[in-house]
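These notes concern the structure reproduced below.
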């Protein structure tokens, strides 16, 4: 249990998020993978705060803020997705191709 | 012991923070048709803009409020840019609540709309006055999240919702990148505060730092629509309501570039020269791709999207220069860019209220309404950077800043790209001036406000250029 | 007082535009009157100032502008961020070019009084164009210079595309974009000039006193020279001018070919060669090779063309090639000849395009094979055209001969092999010039008159006035060239000093 | 009494004033006034010239050069200054008198000739422009001035040939004349530039006192070759002569002169016989010492002249258009003058006989050839065609004209005591003294030919039965205004020979030279008798063929049933056709087409390709913008990697 492991964990989490983002065709699924990526960052913060940083509170504080901010971001995202759903009657990103060159 | 008395230099910020609540609050007590919130909004924005002008441009570190809310010269000037953008965006949006445009139904809840704009603007304020990563991050989010909402404002428009979806999905990913970058930066320096980060960066560099830089640039590259993170922009610009597009293209860009300026000339200033290749590459590729994309467009807003992508590339050029030059150049350019862009959007708006927002519907404009055609030509030539219009001087500042550290090749490339840019701006002017109208033209009605704003902006575009007061004042602000 | 007058040269056109903004477009007559008056006033001012400069010649000029002998020198702070100041002044060279511009603008305004379309905008654009050209010839601050230099693009496209004929959009775009391409090259090098020279301002004279590093000059000079040469249609950047001219309305062709194309050559002389003489000495002997196209092949291409404006465009290309021959010779006579050619060709091509425009207004075609014998119907215009032609083929008595012979003699003084060859070819190619000019004149004016042209009328008073004035200018320079060469020599001397002293360190 | 300088100005000013006044003010509206004014002014000019000549020759100052005035035109570097001045020496004074006199006569003549023409005003204006330019050329003090007026002469000739611009033939003839002379002039200009560069001066005085030795050491880079300046001078002299080559229509640049006969006849008489075409000869005479030191130049000049002489004479024997016959005879006479100048060189020494003879022939030839043209003009005016077919029997109708014609023809045939005899005799003598026996023989032969074709013309036009309705009906009469100058001109045609010979022998020497001259030369007394004998024989042949009772005029006149060689000659050796072939195929079809193709396809093609390429790149960008969200998200990831690897980060 040292810093490197935590960083690797976070990085893997981030990678999984990216992977999910690429693979998923379902909007909600994509939102969740984004959540994963954000939380990977959180883990970074916490682990740095725990191991190295000389003001440890800052990192923790930051991650809490991040959670809050992410929450409202997701809220808006869901709201938008709902309006989306009203139009398209589906949550498949492949449907979102009306706007293009 | 810090005192919590509110010093007058953050009065505008405080006002801007409480004022959207006021506007939205009033709306609860009046009828939907009432003009009160609108008037309030006008008064408030204008008041804030004037208050900002009373803040003396402090030199050096600027003044602090509880040690991590900094108001320095760059901050104040940036605030003014943002306020100008917000004000113009609000004026532009008014008509879209009265009747629809570009085959979209009219929008609703103007008060909330204005409130959202105000919040976004406040986000910008926060970014420029941040002294630590946390405030910084919060500012960026405050600036971004209302934009998502704004993009989807027109609930009855399917394009709007699609645009918003794309926007928010990619925006969140970008936020994730940023956050990741922040976390590494924090890990590298062990602190959130800019001064300590700067000290750490100065003391020595490590892979952590560079991963952080990479992720930060990629994250902000999304908001600044740099290559290859610009992909959302054309779709969102086209899908979102026109006033939102305008606000996006100015406010969010201004915020993003402010973010970069604060980073590059703040915590990361010791390694600016090492970042130079990255910045130069980003700038060059972005403006090239932006110009190429705009070549064969037929829809106005999408066209403007590409042009604004190219503009972002031009702005990046300035980041290569020393602090004062770069800051002056960027602020001045943002002023000019805001004015020219809004001028274009006002004209498009007037067209859009009666026809589709395409090149087609510009045809015969010069015959039908010469003054409007002239305004359009002025804004286009200004964006293309043709003297004596302001755009040229803006670009000149940027290139000057870039060249002052000897990046002649990049500057030459950027200037060469101006030819391509001129080509597609001429395409638009051709549509308005040369092409004969096909069939019957629906008459264009200009409200008094629209006419006044257009005249005002046209004069501004013409004068801000060779009448040197703006550029000189900004520069004086940084020099003294 | 004179200084104020001098500065008013470029301000007056702007004021005219402002004045006309307030007048609704329906009062076309009032607008026309205002523009004609302002153009005439500017012409008067410029002529007076030219006389003043000539009268003052020999007396010590403004010390602030040394080594250049500048009159009416003005230096006002402008953009503080990069120390760009508003610096204007006049020596013989640019005063004469200003006079040329004033004449051509005046003629252009008179010629296009009955142009179709929105006259208010058209005349405003002409005045803007005039402003930019005046500014270029006046300014001695590089930023100011470039601002004025680039302004032309704004007006040119609109004027050509909205008021032109034929492939107007194509021609306009081609012209504007090619010029923009050239000026982008210039801008890129301007920054280099400023930072490499370590000067504290963009003042041309100050930069000329610094010594630029050789390696910088070596890449900057060709870039800047070609950048300027684009607008003087030096091969291979000549392609814009035939299409542009043929698409443009008369007045614009006159201005474009008459004065705008000189701005490039002027820039080459005043900025590129003056600031980077060392590189000039190395590069120019090779630049000469490009002139084989301009000077030798240009006339041949003109022979093959049927469209009057194309023919004239290619003749302009060949004549401007001679300017570069004079410049590349880098001898005092060569430089003087080049400057003479700038002025003479300005009047000459102005007259050409003016008459062509008037004839086109009547015959509605520019194809010489369709015309014939119209000399009988419009002797005045015909004679005007023939005189322009004679001036063009360098007939003694007209300014063209003076300029060309000066260039030939000056270029022959330059002992580099390539220059010699090109000079000899250029001298021999006066025949081809004669061929296309006579062929055009004969096809168009002589021979039997087609039935459809029986009802043609000769030029009205203002058209005759324009022709008479331009011809008078050509003759005046051609018959007494002494004073003008004297004026030019004074202003060229410092430039030649710089060039001749270059390459020694 | 007016002093000579004022006279000098006046001589030049009168024609100029005429040109300006007639051109700008009188013009076509009042042609009558224009004509009168022109005649008066030219008369005054002639008077002035005569006075000047009298002053000059009567003064003991005589054979030397004097410069009446010399104004700076354009100063070039150092001594290289272009001046406009007035040089007075026997040659220029003689030319002044000739030019002013001829133009005076021709102006009088034109009153009658152009009576019906509505553009007469323009005609008189241009005529005066020509005489002004010619006078300026004659009095030139330096090469630059020479070139200036040289060009002006050329352009006024162009304008006058194409005077009837509605006649396509006239227009094309004028164009051809101008372009051919212009072609020669381009070499002339090159020669001027080269010589002035080497010598550093334009003045004739300097050029005529050069010696090549000074220049053998220095070298000059002519691009492809580097040669000593002395050779450069030789080259320059040949280039300068090329100018005269074209202007004097020497073979092969001769073809413009016969075609130039499309112009009004007075024009032909003044420009294309008497004055302008001798400008080339004049140029060589003026620069004679210079040519003399450039060793091969004179030989070239001689052969060019000699060949043209024979060539033109042969063609003249077959033509039927009287003006063309005269044109070819002019060519052949110019050949005489030219080769006389060239024949002066004997090895390394020079005998100036030829020079004197040549200038003398310029003098005499001017009168009789001019009058012959004027006569031709009045015949044409009466008969209405140039063709000998339509003439004949005019002698009885036009007595005075008949007499004058006879005088002039005897003069040109070199029958004593008519003027031609003296000059031509001296020319042939020069050839003999120069030991150029081939040329000498050719000259004798040609003088025979000359007599033959001139009398052929004479007999066919004036003798025999009338072949023209007008003549038969007797509408033919003599116009006073036209006959007067003819009559006046007959006097010098008759007398100028023996009258002027002493003057020429006393005064006319080319000036001091840097190479030895032979002073004493054996004067072959038998020569005149031979020449006259040949002439008489030719006369008899002509009489037998065309005027004798047993002459078959009709058969003589139709060229259809003739041998091939006759046809070839009749068609002027097909030189016009060759000229057009060269111009059309080589210039227009060849170089010009290639040049334009290069421009239109290569340059424009490259441009088009660039534009196309940029647009393709644009399409690429737009292709990426397919609106497909996963792709967009992918770009985010790709971007990070992209800048990781290309961002040059020190990772």
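In this document, chain identifiers A, B, C and D correspond to the written order of the chains, with residue numbering beginning at 1 in each.
Simple rule for what comes next: contacts are C-beta pairs under 8 Å (C-beta built on N, C-alpha and C of every residue); 3 or more make two chains touch, one makes a residue touch a chain.
As the structure is a computational prediction, the values presented were derived from the model and not from experiment.
Asker: Between A-D and C-D, which chain pair is linked by more C-beta pairs in contact?
Answerer: If we tally the contacting C-beta pairs, C-D comes out ahead.
Asker: Quick one: report the Å distance separating chain A from chain C, using the average Cα coordinate of each chain.
Answerer: 64
Asker: With centres defined as the mean C-alpha position, give me the chain A-chain D separation in Å.
Answerer: That pair's centroid distance is 96 Å.
Asker: Provide the C-alpha centroid distance between chain C and chain D, rounded to the nearest whole angstrom.
Answerer: Centre separation, chain C to chain D: 37 Å.
Asker: What is the distance, in whole Å, between the centres of chain B and chain D, each centre taken as the mean of its C-alpha atoms?
Answerer: That gives a centre separation of 78 Å.
Asker: By residue number and range, which residues of chain B touch two or more other chains?
Answerer: Each of 165-166, 169, 173, 234-235, 293 in chain B touches at least two other chains.
Asker: Where in chain D do residues touch at least two different other chains?
Answerer: Expected reply: 622, 625, 627, 629, 633.
Asker: Can you name every chain pair that touches?
Answerer: Here the touching chain pairs work out to A-B, A-D, B-C, B-D, C-D.
Asker: Along chain C, where are the residues that touch chain B in the complex?
Answerer: Residue positions touching the partner: 25, 78-82, 118, 121, 143, 146-148, 150-151, 153-154, 157-158, 161-162, 168-169, 173, 176-177, 180-181, 184-185, 187-188, 191-192, 194-195.
Asker: Going by the contact rule at the top, pick out the chain D residues touching chain C in the complex.
Answerer: 72-77, 80, 82, 144, 147-149, 151-152, 155, 158, 162, 165-166, 168, 171-172, 175, 178-179, 182-183, 185-187, 189-190, 193-194, 196-197, 221-224, 587-588, 591-593, 595-596, 598-599, 603-604, 606-607
Asker: Sort out for me which residues of chain D touch chain B in the complex.
Answerer: 614-615, 617-622, 624-625, 627, 629, 631-633, 635-636, 638-640, 642-644, 646-651
Asker: Quick one: which bits of chain B touch chain A in the complex? Just the residue numbers, please.
Answerer: Against chain A, the touching part of chain B is residues 132-134, 137-138, 141, 145, 148-149, 152, 155, 158-159, 161-166, 168-169, 172-173, 175-176, 179-180, 182-184, 186-187, 190-192, 234-235, 238-239, 293, 297, 302.
Asker: Could you pull out which chain C residues touch chain D in their complex?
Answerer: Touching chain D from chain C are residues 236, 238-239, 297, 300-301, 303-305, 331-333, 373, 375-376, 390, 393, 395-397, 401-402, 405-406, 408-410, 412-413, 415-418, 420-421, 423-424, 427-432, 434-435, 438-439, 442, 445-449, 481-482, 485.
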